[in-house]
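In structure tokens below, several structures.
Next, two complexes with chain A in common: one pairs it with chain B, the other with chain C.
Right, the complex of A and B next:
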């Protein structure tokens, strides 16, 4: 094509991929350590770690937001399991009437934008005193988080043989014992992956927290958003790094955890 | 006597077990699905009903009983609404089309084996795990008139003044917003298309080559039809997401005309109650568009989920 070899174009695409992944991050990383970097300087004139100190101060906006984010994402992930595991089992192991409708209903909240959902239900949260509370924010996050747990675990249950459970029951184990000693160990790797997806989905939720939390419940994305809006590049950059951290850690973790049979990205096609 | 008793008890227990098993089969699946369905019906379906209810002024739960189409009439005459719809459609369509084309090129390249492929795939996944908001900050720091690109242009002598660098964010054509989405969606779609390509294998292409097909013919008549269904479903997911997302147009877009979700959010916060029902109506419109789009999506059997939003 255009007189150049396919090899040239292939290398061009690779350079493009690397550049688009790395280049946008460079100014952000520099801004993490600089509080003054004025046009047209290519190198900052003032280096600073003000933002890093700021996030550790208990009275800053960032610190409580970070705690809220951890608390909400952690709690929502834990609540998602008892709701998601039975449903995943039903979807993974059995065929039943209306299964497709159930599947669509689970996928739908992942496609419909958050804004219409949040402003529709907000009035009900106000009526029952759930608006502007940590608990209300957790409840609304569930609708986004549980589908991830269900989808990952339904895949796990699809390759799961319930015969071992039957044997354990015949040998006199109580249903609870069977669950903790047979089912749980078998689905545990799936729970780790599903749980990580769930945690990160809640961690990065913005619109739901904004509307249901009403600005009273502040999480990390809300603070990041407002610093970006204010144009404080230094603090925005620091907070962004903090905001990305769990996803990057998860990527490194799952890359190691999943290599072996499925390889990276094996969970895309659920 | 005692033995007979225990036998009778044993038979009773067996019967109980049998009844239990029957009940499990009848009730087990609905019971297992109940907690999830309760949440989805209450929050997801509930919110849809509430948006529509409030847009019509009718929602008995909160004491609204007037049933009317006033909000619909006023929104259809509202210029901000039409501009918002246009801006959102432009952003969603342009960024999805560009992303799809680039994702196909990337997937075809990544499919070949070469040195460092693992690293490239990892970089792809890295971009996938960075939230949109952070990419928006990165684009801001890179492309504003005081951003790194403008500085480089100045240092190279391409511009003599801060205002000479083209406006790429808060601009008429939403270039900055589209750039954020392209940076995010190319990896997302690329990984899906790559998975499809690896799934279908190369036999068909090899056959085509044997029959004398050129590179372009192989792409047009073999690869494209094979990846089309999955690519279309990725296209629809991305389009629906971009059309309804509020954060990026809010951070990098103009305020007038603003993207539809931004207008919807602004109306929702308005103290005027009429604006509130207009906000509902506007969101009904967003939901309607998404519903129409996903109608196509539902017909496609292979489903992919976003792992990053």
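Right, the complex of A and C next:
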């Protein structure tokens, strides 16, 4: 097209996608160190690190929110595994009546729009006294997160040969030992990918935490958005960096499992 | 060294389909037995039941006379080696091989010692630190075998051990299995769909079609005394004729054929002769005139289609003589090569030449089910 090779266009698209993700971060990072930067200036007029000091103050609620987010996302990711792995195994390895329906139900939270879902669940949670509680927020996060774990691991199990487990059993391994010595190592890359998706899904949840938590349970997104709402760009930028940093760190640590080393691992068992 | 007996073993998936139907077999201690049959005939299912990986719908399995149905696979001592997904991909060779010993909570040093010794037996010394992905198919097989044998199991179960290998590797692997089995004297059952493999490897073979045992005996029996037309065809016998026994011979549409050593003197029977048994342009008892219909040269031999008194039969001759369609030849059916097969007509009629066929069932436990062994496709 236009006399340029496919290779050129492919590279151009990649650059375009990466740029659209990275470029908006540049103003954000500049705002982290400036308290005033207005059009049409290319460089901020006022430099400041006020925001960085601010977040360490207790009345900024920044660090408690960060801890809440870490606690919820971490706990929910861990709990999603004992729930998700058996489900994924069943869906990946077996055929049974009603399998389609089960699949759709498990994946439903991925498709149903957030706000209606949140409002509906909120009514239910009020009835059961779960509204405005940490426990209630964790439950709703779990509902949102389990489908990711199941989706990724079902793919892994679909490519899985149960013969390895069966040989292990005949070699003297009890079902529990088979799980730890054979199954777990085999699905580990899938668990990392699924865990990453799970963590990030919980980490970025705003609407649900706001509605179910009622403002009592405060996670980092809530704090970030409230500052954006107030129009303080500097503090918002600092909080945003605080918000994004853990997710990026997780991504860096698990990148190895996403791309696969030496053709091992890979995405969704492919 | 364990003797295994299957008593009326049945496995049903769902309500009607019986993958394994009323299987009765007795396997002697230290024997190498093959389960032979086309794909999907229930042989792997049977193997899994013996291993404890599947629970039978009906029947019993005994090791040395004691039922093992209540014993879970990790305690039965029957180790199974599969066709695919052989090794644990996240462990190196030595850890793979010592797995069974580690499951017994033996100290690591001792387990590695024995694992090394076993690797030596399968001629893979020096491969201890390699990963499964760094091994060829044949090498993986050998490691899998070492892993199974290092635990000194009561029973070794092999699921299609040679099917994934190319011809050269197949030969090597076969020799290895044979030599290890002879040396360690472990009762071994292997599953295959290849008659040649079964015949070469096993002491006795069980031929199974659609979950039903057709014949269980020494390899020679399938060629000289097949239990049914179907079994005979499975082993490459062609040329079937209907016949009636009279005196020491059988009356067929080709005339009277002399037999040797015929136990029975009366009754209907199926007569067959293997293509390689027919002698072309020879002489002797049972010689008839024939015309060549077609001739197919295949390098090592020549396949002939012959017209004998209006009936078409197949013969295999050595390659160096040439035949052309229309040639007039003589064919001889040596009496000792004429095979009598029980007809499937009638229910439970005692088959002619039954004595010879019964020899091959030495050791069958449940006499009343003898007629099940004769069941071919017939209902």
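Note that in this section the second predicted complex is superposed on the first by the 216 of 270 C-alpha atoms of A that agree within 3 Å, B and C clash if a C-alpha of one lies under 4 Å from a C-alpha of the other, contacts with A are read in each partner's own complex, and residues count from 1 in each chain.
Note that in this section a contact is a pair of C-beta atoms (placed from the backbone, for glycine too) under 8 Å apart; a residue touches a chain by one contact, two chains touch by 3 or more.
As the structure is a computational prediction, the values presented were derived from the model and not from experiment.
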Touched partner set for A:166, first chain B, second chain C, both or neither: second
Partner chain in contact with A:251 - chain B first, chain C second, else both or neither: first
Contacts of A:185 with chain B and chain C, given as first, second, both or neither: second
Comparing the two partners chain B and chain C, which touches a greater set of residues in chain A: B
First, second, both or neither for A:207, with chain B first and chain C second: first
Partner chain in contact with A:155 - chain B first, chain C second, else both or neither: neither
Which of chain B and chain C A:82 touches, first, second, both or neither: first
Residues of chain A that lie at the interface with chain B and also at the interface with chain C: 264
Chain A to chain B touching residues, read off their complex: 6, 10, 13-14, 17-18, 20-28, 31, 38-42, 82-84, 86-87, 89-91, 94, 96, 102-121, 123-124, 127, 139-140, 142-143, 146-148, 150-151, 197, 200-201, 204, 206-207, 211, 221, 224-225, 228-229, 233, 236-237, 240, 243-244, 247-248, 250-251, 255, 264-265, 267-270
Touching residues (chain side chain C, partner chain A) in the complex: 48, 51-53, 72-76, 78-90, 99-100, 103-104, 133, 144, 147-148, 151, 157
Residue numbers on chain A that touch chain C, as the complex places them: 161, 163-164, 166-174, 177, 181-182, 185-186, 264
Residues on chain B engaged by chain A in the complex (per definition of touch): 28-29, 31-33, 35-37, 39-40, 43-51, 54, 59, 61-62, 105-106, 109-110, 112, 114, 116, 120-127, 129-131, 133-142, 146-148, 150-152, 154-155, 162, 183, 186, 191-192, 194-195, 215, 237, 240-241, 243-247, 251, 261, 264-265, 268, 279-280, 283-284, 286-287, 290, 294, 297-298, 302-309
